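Chain lettering (A, B, C and D) follows the sequence in which the chains are written, and residue indices restart at 1 in each chain.
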Amino acid sequence: MGFKVSLLSHTPEPEKVVATAAKLCYSNTSVENIFDRLDDEAIKNFLSFLVEIGHQSPLEHVSFTFGIEGVSRSFTHQLVRHRIASYSQQSQRYVRLDGFEYVIPPSIEEDEELKTIFEDTMREIARTYRVLTEKLQEKHRAAFVSKGFSDKEAFKRAEKMAIEDARYVLPNACETKIIMTMNARELLHFFGERCCNRAQWEIRSVADKILEIVKEVAPNIFRFAGPKCIKLGYCPEGKFSCGEFEQVKKKYLGKREKDENN
Amino acid sequence: MGFKVSLLSHTPEPEKVVATAAKLCYSNTSVENIFDRLDDEAIKNFLSFLVEIGHQSPLEHVSFTFGIEGVSRSFTHQLVRHRIASYSQQSQRYVRLDGFEYVIPPSIEEDEELKTIFEDTMREIARTYRVLTEKLQEKHRAAFVSKGFSDKEAFKRAEKMAIEDARYVLPNACETKIIMTMNARELLHFFGERCCNRAQWEIRSVADKILEIVKEVAPNIFRFAGPKCIKLGYCPEGKFSCGEFEQVKKKYLGKREKDENN
Amino acid sequence: MGFKVSLLSHTPEPEKVVATAAKLCYSNTSVENIFDRLDDEAIKNFLSFLVEIGHQSPLEHVSFTFGIEGVSRSFTHQLVRHRIASYSQQSQRYVRLDGFEYVIPPSIEEDEELKTIFEDTMREIARTYRVLTEKLQEKHRAAFVSKGFSDKEAFKRAEKMAIEDARYVLPNACETKIIMTMNARELLHFFGERCCNRAQWEIRSVADKILEIVKEVAPNIFRFAGPKCIKLGYCPEGKFSCGEFEQVKKKYLGKREKDENN
Amino acid sequence: MGFKVSLLSHTPEPEKVVATAAKLCYSNTSVENIFDRLDDEAIKNFLSFLVEIGHQSPLEHVSFTFGIEGVSRSFTHQLVRHRIASYSQQSQRYVRLDGFEYVIPPSIEEDEELKTIFEDTMREIARTYRVLTEKLQEKHRAAFVSKGFSDKEAFKRAEKMAIEDARYVLPNACETKIIMTMNARELLHFFGERCCNRAQWEIRSVADKILEIVKEVAPNIFRFAGPKCIKLGYCPEGKFSCGEFEQVKKKYLGKREKDENN
């Protein structure tokens, strides 16, 4: 897959922050005192305890900011439905996408005939996008000039109006970039939904990559992270179940065991 | 424009509910007492007072549920970025869109040449979508049958996988349907952003239609609703301003005055 | 218990709205068509299906507004921590609470000696509150008058400043009133946390009462509602478990069976 | 005032993260490219531009975690009403508060007579709390032992039940500790509401302290932060206005100018 996820920033010492917040609820000493006295062993133990009793709210105090690139608009339309998060996305209203890049689903890419049809259509769309942009821009530019705008300003305003409408032909496959910030509690929920085999392949791939990244930064927080069946101990999807609970468990918890032996 | 907005449901007696909630904050009698004693005049006066002092939180107690149809995926991608709301959208992963409908931007529709180019591309996309769906479905179906699934179940699962990938060619213009629930406070914010002349034309048209609908149901709540310049008394967009403050004011407050004379 | 919960308002036909929203995701007909064709049987079946596959988001389209009275400030401090909800609460900054009412915990009320100690302290607090209010108000009033405010305005502003500070002596037990609006999805989560035997008795009593009320209005939505162990099939609280899973199940699902036989 | 606010953690390089996220919306290069090329000058300019056009969403990508101590329960009850934030608070259900500390409002502390009345009542409450805790604990302990719990476990469970009910006598003035995480966008909103002269003195003092802290870390983000009148250019509170707009402006923007000259 051609997408790329980078961890742009995150709350420093995330596990210590979570442990401090959780400990405060049950303690009578000062915040500073709690924070300063927590060593790695204590943090690890306390986070295990939190996971055991399901006390999730302290996980909200730490958040992670990712750059996600080379993904489709289909993907981002699904992604931004997660409302407890913050997003900044490359805008098709402001960025001209002549010769846009696109995501090809693997099932299409691996079949020569389908790939050709798909790519032909992408080229056709790009051509139409270019023609629409140019003609609309010319039309709007003339109108702005006649309203008294400077050539430069008329050009800019006309271009924006043009791409705003030309983009209606752009496909779901069109590549986009998005920066997302999510706290650890919501990330666990996100993995629960999107690492599931029933999730769509693109968002599942990105979710897996994000999980891999945060596990390195905060292994104790994300120790049991994965599709919701991992935590529940069974698949809740009823007749839609992928039927591969054992493999899934191995994929997400197997990794964990390997980590622990290192 | 071919879109359609219908008010599917809303909190009954919305202005009375808001007034009751607001009054409770400052009062020492029972909820029932407050609710039962509020007549239309008292409600109207109290809502004016709320608007004057900017006490917005009671507006959250009432919400409105809309069916929005005949809109593009461009529109819904913008819409769902409003996070303090609830959405249920027709899924391109579950609904097969052979011969899909699409939204044509007015600037394109009104130009015969551009319209032809646009529609040719839509037809080309529809063709590709159909071919991809059929071929992928056939391929997946065979795989499911060989895994032991019944013909019917294999067909269904294969179809879902097929359309999930074929949809990557579908355009932003592709029509969709969405049900949205938003409370009155968030609606005011939504109008502030999306009735603005700088908003994109499709979401602005829908926002205007929604405003028209809720003004009939709750005229005192939405009396001053409109783009944010209406409330501020000036345009905050700086050099990007549309420069048409007077017309905008007339459009949104003019309607109001007319209403009041009735 | 002396508290009172009343259902002030709710989305009309809540189960039909939820079913329509859910159906739209998988359907290619119009919103109106879906809504109009849903009969009681279809709604019931579709809601069962939703519960089975755990598709919760359509539940957000319906919300319920409650008046909650005769509860303590301890209770509301816990309640408002549920952030996906809207609240309007009687303000101790604006409402003068001479001779305030209070909530007595049952463990204290049932013991004559403890009850006496408790009530003596309440009286002592009320006395102090009254003295502080009067003296502070007199002091502030003089200051406002000397600043040139009218007698009436000086009185009002002085009173507000006085009660704002006098309330620091008021106890957690002090009675308050709050109006809360919550959607059905969040209500299910709320019941999961607060109907649990580990929840504090006051919020558990109110949660049980709310559940009783909404079950009458939307029995198919809240059929399996209750503490989270009901849905999970086991208690997730580890060593803190109340150890009474069977009784709990009977309490919440037993009711259900009885309902169904009617 | 005896409260203490400490900045426990925050997104590193907050202004760079915000500028990167904002720039991505309008740009066609990679996230990494944008991030790496932003120097201090560019960040400052871009943030000014964001403020000018009111593009607030990129501010959500950075968050700040504070330890807040020596504050009253009155304060936290107001604080947690800000729902776009995360909280972990010392629990009165789990932490035994014999000899609790308390906050005295300045208007009371500066008057010898009122201070004495106030402190006498605090002592009376502490006495009642202690008696209730001891007697309830003894009663519950006996019950747990008779149910077969070990002495130690019976003691612990009984203590929790006892303080859970004894706390009903504790006053609003009772000191508490809370850890709060808020993103920069919500902080701006928080300052707008709580730095206002109409806000209650305790939350206003804490808000001012928080603003002072974040201004050091991210001066360009919080340059114009303060009560909402600062941004609007006028007071929106109508007849409730404090009438001191000029002094307020000087307090919040004056500081700024001094900063800039350094």
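The rule is short, and it goes like this: a residue touches a chain if its C-beta (ideal position, glycine included) is under 8 Å from a C-beta of that chain, and two chains touch if they have at least 3 such contacts.
Quick caveat, the model's predicted, so the values are computed rather than measured.
Path length between chain A and chain C in the touching-chain graph (shortest route): 1. The two sequence copies chain B and chain D touch through a face in which the numbers common to both exceed half of the numbers used overall. Averaged Cα coordinates give chain C a centre that lies 24 Å from the centre of chain D. Averaging Cα coordinates per chain places chain B and chain D 35 Å apart. Here the spacing of chain A and chain D, counted between their Cα centres, is 30 Å.
Shown for chain A are the residues in touch with two or more other chains, namely 87.
If the chains shown are joined wherever they touch, the resulting network links each chain directly to all the rest. If you check the complex, the residues on chain C that touch chain B are 6, 8-13, 17, 20-22, 24-28, 30-32, 35, 57-58, 60-63, 65, 67, 69, 86-91, 94-97, 177-179, 181, 183. The part of chain B that touches chain D in the complex is made up of residues 52-54, 232, 236-238, 240.
The part of chain A that touches chain B in the complex is made up of residues 72-74, 76-77, 80-81, 83-84, 87, 92-93, 102-105, 107-108, 111, 113-114, 117-118, 120-122, 124-125, 128, 131-132, 135-136, 139-140, 161, 164-165, 167-173, 200-201.
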